[in-house]
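Encoded as structure tokens, here's the structure I'll be asking about.
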């Protein structure tokens, strides 16, 4: 099942699919597109991916989370243009006890950020655009006027 | 706004109400009614509360979470009969960064369990019923045949 | 006011007991334990007055809403 | 294959370079840095071969799908 989607992500559907009557604790995380970054007003944002590698990385994260934390887990990441306020990523973990559910979700979002080949291009209110780069101090490669 | 509800809880609505374009991280927790407890098959379950005190305790937990963690937060707790698999409690916190959102949700569920005057009566597949008591080893006061 | 299991023990969600002036929560518990079914109440249940927890030895205010709370099981 | 900012730098998502047999990722990077726009590539970008990270000094297999990945920004 693809974990990457060009359509809006449905947290509720993910929760319903993962929940089982034997597992009472469901933790989730949603990363929503913010209207600002690096001190600039963001007007739109687009995600792109190295899709086959990103799909494989998402699968691996889910499988590892299930193994490490004894949970049922899933995630979705949005690609393409994402309007401000909509979810870029949603993660869910269900467990018999809440500690494992929380730990799994927290671990998964860290892993998504560090190992899934996805990139983000932001457009700002002043008409410039930039690639987001969490490894540089400002968080973006110098914004340039878009073509 | 009442935090206690006799109707099914809507996690998605709570997330939508709390999310803001300036706060990109939304963490949630849902506690679902499990089909077993203390080694017994649970067939139904009912929550009751000291309602005015429980409402005040929920309000206090939300306000304290917002203060402590710098998040926007909310929660709902179900009362009355709750079918297996449905949510007994849902909690949500939105923050600029994910650590605060996770910490707030985790803190809130712990506080709900320790300070909101709510009680739970379980009915088991063998026809007995019991009050749930997390302070005793078995987790329930001895199950008795229901009237 | 009594809730959940404690209400079952005493057969009612509301009971009235006569207490001396300046009575404390302990005096109330002792009086309740004399009632039919009351012997099964624990010696130190959680007591709330006007929706706030009563500290050990705290006096009960006349006219206050006093509640005995069994171990909490929400969440 | 090139992605995101790196594709912009070199003006394409796919480039072909001639490499000696038994070439490593470093050899590939050096060849790419000679291309127009390639000088702005970092000296040690993240390289993937057949969807797995290439370790320093690892040889590139002939016919493998090689990708240069800019700093990740998902989540």
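Here are a few things to note about the model shown:
Going in written order, the chains are labelled A, B, C and D, and every chain counts its residues from 1.
What we mean here is this: a residue touches a chain if its C-beta (ideal position, glycine included) is under 8 Å from a C-beta of that chain, and two chains touch if they have at least 3 such contacts.
Here the structure is a predicted model, which is why all the values come from computation and not from measurement.
Path length between chain A and chain C in the touching-chain graph (shortest route): 2. Taking each chain's centre as the mean of its CA atoms, C is the chain most distant from chain A. Averaged C-alpha coordinates give centres for chain B and chain D that are 50 Å from one another.
Between the Cα centres of chain B and chain C there is a gap of 25 Å. Centre-to-centre, using mean CA coordinates, chain C is 73 Å away from chain D. Our note on geometry: chain A versus chain B, Cα centroid distance of 26 Å, whole angstroms. Those residues of chain C in touch with two or more other chains do not exist in this structure.
Multi-chain contact residues of chain A, defined as those touching 2 or more other chains: 31, 109. By the document's touch criterion, interfaces exist between A-B, A-D, B-C.
Chain contact summary for the complex, chain B toward chain A: residues 11-12, 15, 19-36, 84-85, 96, 98, 101-102, 105-106, 109. The residues of chain D lying in touch with chain A in their complex are 1, 3-5, 8, 48, 51, 67, 69-75.
For chain B in complex with chain C, the touching residues are 31, 47-50, 52-54, 56, 77, 88-89, 109, 112-121, 131-136, 141.
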